[in-house]
Amino acid sequence: MLNSAAMLTLLAASLMLFAGGAAGALVFDRESGRCRRMTHGLALCGTVLVLILGIAGLTGNSFELLLPRILPLAGGLALGLDRLSAFFLLTIAVGVIPSTLFAVGYTRQYRQEQALLGFALNVFVPAMMLVVLSRNVLTFLVFWEAMSLASYFLVMTEKDRDETRSAGWLYMVMTHAGLACLLIGFLAMLQATGSFSMPEWARAAEGVDSGVRSLVFLVMAAGFLSKAGAIPFHVWLPRAHPAAPSHVSAMMSGVMIKLGVYGLIRIGFEWLGPGPGWWGVLIMIVGAVSALLGVLYALIDSDLKCLLAYSSVENIGVILLGVGAGLVFRSYNLGSLAALALMAALYHSLNHTVFKGLLFLSAGSVVHVTGTRITEEMGGLLKRMPHTGAFFLIGSLAISAMPPFNGFISEWLTFQSLLLSFRVPEQFINLVFALCIASLALTAGLAAACFVRAFGITFLALPRGQAVEQAHEADWTMRTSMGLLALACLTLGVAPVLALRVLSGAVNEFLGAAPDLSFDWSNIAAASAFGTIAPLWVAVILALLMLAAWVGLRVYGANFSRRYYETWGCGRAVQTADFEYTAAAFANPFKRVFAFLYRPVEETEIEAHSESRFFVKTITYRHESRSIIEDSIYAPIVATVRRLAAKARTVQSGNVHGYLLYILAALLTLLLFAK
Amino acid sequence: MKLLLRKILKTPVVTESGISTVDADIETLGNALTKEVRKLFGRSLNIREVDPGSCNGCELEIGGLNSPYYDLERFGLHFVASPRHADCLLVTGPVTRNMADPLKRTYDATPDPKIVVAVGDCAKDCGIFAGGYGVVGPVSSVIPVDVVVSGCPPHPRAILAGILMALREFRGP
Amino acid sequence: MLAQIGITIAQWLVVVLGAPVLAGVIRKTKARLQGRRGAGIFQPYWDLRKLLVKEVVIAENTSWVFRLTPYVAIGTMLLSAFIVPVLTTAAELQFLGNIILLMYVFLLSTFFLALAGLDAGSSFGGMGSSREMAIAALAEPTVMIAIFAIALRAGSTGLNEMINRAASDPLLLLNPGHLLAFLSFFIVALAETGRLPVDNPSTHLELTMIHEAMILEYSGRYLALIEWASFIKLFLFLTLLGNIFFPWGVAVTLQPGAVAIGVFALVIKLGVLALGLAVLETALAKLRLFRVPELLSGSFMLALLAVISFFFLR
Amino acid sequence: MVLFPELPFARVANLLSFLFLLMSFLLIIRNSLSAQVRMFAVQSGVLSALAAVVAHFGGSRELFGVAVLFAFIKVIVIPRVLTRAVSKIGIQRAVAPYLGTSVTLGICAGLVVVAFYVMAPVMESNRLPTADGIPLAFAGVLIGFFTTVNRRRALTQILGFLMLENGIFMVALLATYGVPLIVEMGVFLDVLVAVLILEVFVYRIKHNFDSIEVSQMGALRG
């Protein structure tokens, strides 16, 4: 057991390391190599301390810290650590440590931007950590904004590209719209409870009018969901995450968006007091829609990193299903089920950090060596990058919830908690849950298809382009970091008891109810015997049976000779990559089935020889699918804003006296109001 | 569906009983198979049909093999879609220039042990196409052939007998 | 304890060794319905035995994924054979997991088969993978909702409990939810095991293939493993249909008499289901690929109605 | 005639009600007109069985008569008439709905839920053992109605209308154990005549316009 002072020392030490990293970035901005090693190394060390802090917190240590001198107007800088915060610290550390290790080798390509990258990283990580630890409004907002700004600069690393700039701009707009929502919510609660401190809100919330609380919940949920990237607030995510360098994408997708979930959990379960069931239903619907649409868009995207970004939207949806279910259960006083659902959500967010980190890092090393993000130009990389390929495969299996990897366990838990919804005595809710189960199941199936496509097209068969043919394996820091995450995928899938133990403690402390789940090394049982699973045994027996099949063939005396020959293509003379199924072709059945969502536009142009139209010179095929959300929600908003902006232009006279007049008018109005 | 089921119930099994090989003109050529393997093949043989230039007369007769009347499945024979799955190549027609290479590739794509049955006069000696400018030669000039079934086109019974002939001596009379 | 181990292994052997016979029976029945004599019911064994002595031809473009896949396919199915209660619900090895695990294990094998289909770089394989994944994905919600419908009645997602609970209800077949769940699960089973009208297991035309197209590149012992795995999958799906929806005869104790009745009941149930399948496959034409989603959405609606019937009819 | 003496009435009634709804769904899924007519016949058969069951357990002689009459008209006569119309017009397939099958199914599932919601108070207040089936019957009404809206061809609209009528009959049956025989007979005759007239109309329309697309009726406005 560590005492509070030791914890604070740890916190201070890690902050010092990050500060050192940031300073180092400024000092060594000319020496790219040293800068790279130093900033990332210090960030790595700092994050290791965060990890220790998180583990310490999860084993029952806590602290409270109030520094009234800093930010004096708003009640000082208030930090605190409970088990939920500690769990998110753990998540941050698990996502950040491999990413920074990866960055040591990976950022070699960014010579010019080294200082900025290092500096922003050393602000970004501690800001995330402090968001989780914040205990009053202003502290929270300051670090939230620091996190957003730092991540904005990280996204803007390759600012020479138009695509990056527009992505960064969109990210900035969305994140500040989200911030505005949070601000409104915080101010309203401040007004209602008269306190800056969020733990005090939780105590005072009972006294606040439930209508006000519901409104605050809606507004703040919108703010947090926009950070989490849930549909319909996701538009920035599939643009900003791919535009960033891959280790940053891994951190943003794996870690930062989880803080949106963190905020949602805090407001839903704690800060705003107990809420009605429809809060949870709303979150569940958002979750189900995010999961489905996220995976559907991931499925047709041919940009590898974009695909992963959309799949983050999907996984956030899955997490939100758990959170929403927890909210619903709690409003019906089913405490142990609420704990189970929340536990599933938290476990999935940890798992998502692990496998999405792994996938982004391995995608990063692919993009690094091939110089392209388009899967249609890749192929055959498994032979050229065997380790990266194997790691990507493990990540794909984990994210598709395949046993015995970690994604399966959390998805299984989510399913169990959703299936147990029949204990809610309200038919409408039951029906919503049934539909959510269906959408989660469809999501799981589509995710499997999506990652078969992602891995198969990228890593299998023949290379489709020049750059890919000369691809080579990534360097050792990159491979080590991926290896760590791959190992985590397997460990969390085979021995989930490690995570479940600390999680049930955290959830128990947070909700005051123990999850309806019993587990040990060999067995997990939800709601006594409603659903059981033995992940360790499944893995062991599966491995043994595969081995047994091989041994059995040997013992039987099967013919083990093998001969390599060309791929069967009905006897045609050559096999080239042109014969391969493309990513677009793979996704085509889905495009047709879900055409009402994709609203595809297809164009085929055929240029024929002049002699006969049957001799084709070139065929151009263009395919585009549009996002239904962007078309139906964002396009009208943007149009309206444009129109208003055009009207506002008339105010802008260009006359200095005019502007002074505005200032005077504003001053007078303010004075009159303040009266 | 009702009609179909009624019809099914009314129709007896029409498969003819034995296979008489008396009227068939069959030669055995190569014989590379071991005794054990041929014994195995006697129980299960997957056939891939290759047409390197036939007039499709033989194909019609081969199609007849799948009919309820000849029903080659009862002998454990089965047509498959990929040479990878096949044990036997059933080759018809003379080998044309453009198809010589694919035929060779198909042969190579078939895992060992395997047998090749050349069906029809054209496959045997190019038949009436012999000497044509587009014809490379009989099947045996491109890939090794185990059994040749003559006829233009051969009777389905003869084709069946030819395939069985390759396996015959180990199936008993 | 000894009895436990014995019955577990016995069940496993029944599945693993019995699976090819079931496939043989279906083929034989279809042949008879077509007025043919057809191959004997043990033909699948001869096919497998022959494949094991053939050499393996591997496409040059493939990676280790291609060579690993057959072992994953057979491994997952051998594992599933432990999970499904075949003769009795008193065996303990089903602690491995519930029906959700089972469905994910099936999905795992599909996942690898689809990767293997892409690995050789032929267009057939890619096409097969794409279609197989599409159908697997679209079948998934129906599977889960059907499971939900059964679990609601049984109060458990454990296979043993589901069967026990169903067996204790004398008016089982008058339960609309139960029948609807059966219908939807049956349709899903057709889709998952690649039977008509979703996929034609005996097609020779690459363009109409789904499952076959993925494994066109396999030969020799690899093909044997994959074929065997698909036999086991069919066997397990039919056993699930038989035992969950018509639970009579499944032994609830390990008494030899009860187990013997279990064997007898299993044979009857599988025989009836195989006959039904054969009749269906004779009478139905394959659906166009893009009408399959309609079929699956229909089965989804049935499953959803089953769930609704539980919540609204008290 | 006591088929299942030990079985509770409510369960049999429920089962038949569900089969009824199932037939509605199958009717929507099926593509060919003649199959749809067959489905309708099966649905009517289920319904008359239900009527017989209600008659048996409810102890009403009259209802037996209704069941028999119902079976005669709706299982035999009307499907015959419709089949004849189908073969006369010579369209086997091409039901031509406005919406795709999956979407239609989704909407119909939604209608079932709506039916349950709307009928919940009826179920509460009704103490009959058959009350559980009422929402299903009502769902049948709604689906029938929706089918008439969703289909282009006049003939399938007739089918929708008949499904709707079936649903109404079933609601009456389940909620009050049927209306008096005389009223029932009147309704049956009405329906029969309506179908005959509609059939003639469809035939005339087809004859005159070479199509039975209802959407083309807009051209009649002049």
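A, B, C and D are the chain letters, set down in written order, and residue numbers restart from 1 in every chain.
Just so it is clear, a residue touches a chain if its C-beta (ideal position, glycine included) is under 8 Å from a C-beta of that chain, and two chains touch if they have at least 3 such contacts.
Just so it is clear, the structure is predicted and the values come from calculations on it, not from any experiment.
Q: What chains touch chain B and also chain C?
A: Correct list: A.
Q: So which chain ends up in the middle if you average the CA atoms?
A: Measuring from the global C-alpha mean, the nearest chain centre belongs to C.
Q: Would you indicate which pair of chains has the most C-beta pairs in contact?
A: Among the chain pairs, A-C has the highest number of C-beta contacts.
Q: Compared with chain A, which chain's mean CA position is the farthest off?
A: B
Q: Rounded to a whole Å, what is the gap between the Cα centroids of chain B and chain D?
A: 56
Q: Between chain A and chain B, tell me the centre distance in angstrom, where each centre is the average of that chain's C-alpha atoms.
A: 59
Q: I'd like the Å distance between the centres of chain C and chain D, where a centre is the mean of that chain's Cα atoms.
A: Comparing mean C-alpha positions, chain D is 36 Å from chain C.
Q: If you look at chain D, which of its residues touch at least two other chains?
A: If we look for residues of chain D contacting two or more partner chains, we find 113, 116.
Q: Multi-chain contacts in chain B: which residues touch at least two other chains?
A: Answer for chain B, listing residues that touch two or more other chains: 82, 84, 109, 111-112.
Q: In chain A, what residues contact two or more other chains?
A: 427, 431, 563, 565-566, 568
Q: Which of the residues in chain A come into contact with chain B in the complex?
A: Result: residues 563, 565-566, 568, 570-573 of chain A touch chain B.
Q: Sort out for me which residues of chain D touch chain C in the complex.
A: Against chain C, chain D makes touches at 7-8, 11-12, 14-15, 17-19, 21-22, 25, 29, 100-102, 105-106, 108-109, 112-113, 116, 132, 135.
Q: Taking the touch rule as given, give the residues of chain A at its contact with chain C in the complex, in rising order.
A: 379-380, 382-383, 389, 393, 397, 400-403, 408, 412, 415-416, 419, 422, 427, 430-431, 434, 437-442, 444-446, 448-449, 452-453, 455-457, 459-462, 523, 529-534, 537-538, 541-543, 545-546, 548-550, 553, 556, 558-569, 575, 577, 579-581, 585-590, 592-593
Q: Residue numbers of chain C touching chain A in their complex, please.
A: The touching residues are 52-65, 71-72, 74-76, 78-79, 82, 95-98, 100-101, 104-105, 107-108, 110-111, 114-115, 118-123, 125-127, 129-131, 133-134, 136-141, 143-145, 147-148, 151-152, 155-158, 161, 216-217, 220-221, 224-225, 289-290, 293, 300, 304, 307-308, 310-312.
Q: What residues of chain C sit close enough to touch chain D in their complex?
A: Those in contact with chain D are residues 171, 174-176, 179-180, 183, 293-295, 297-298, 300-302, 304-305, 308-309, 312-314.
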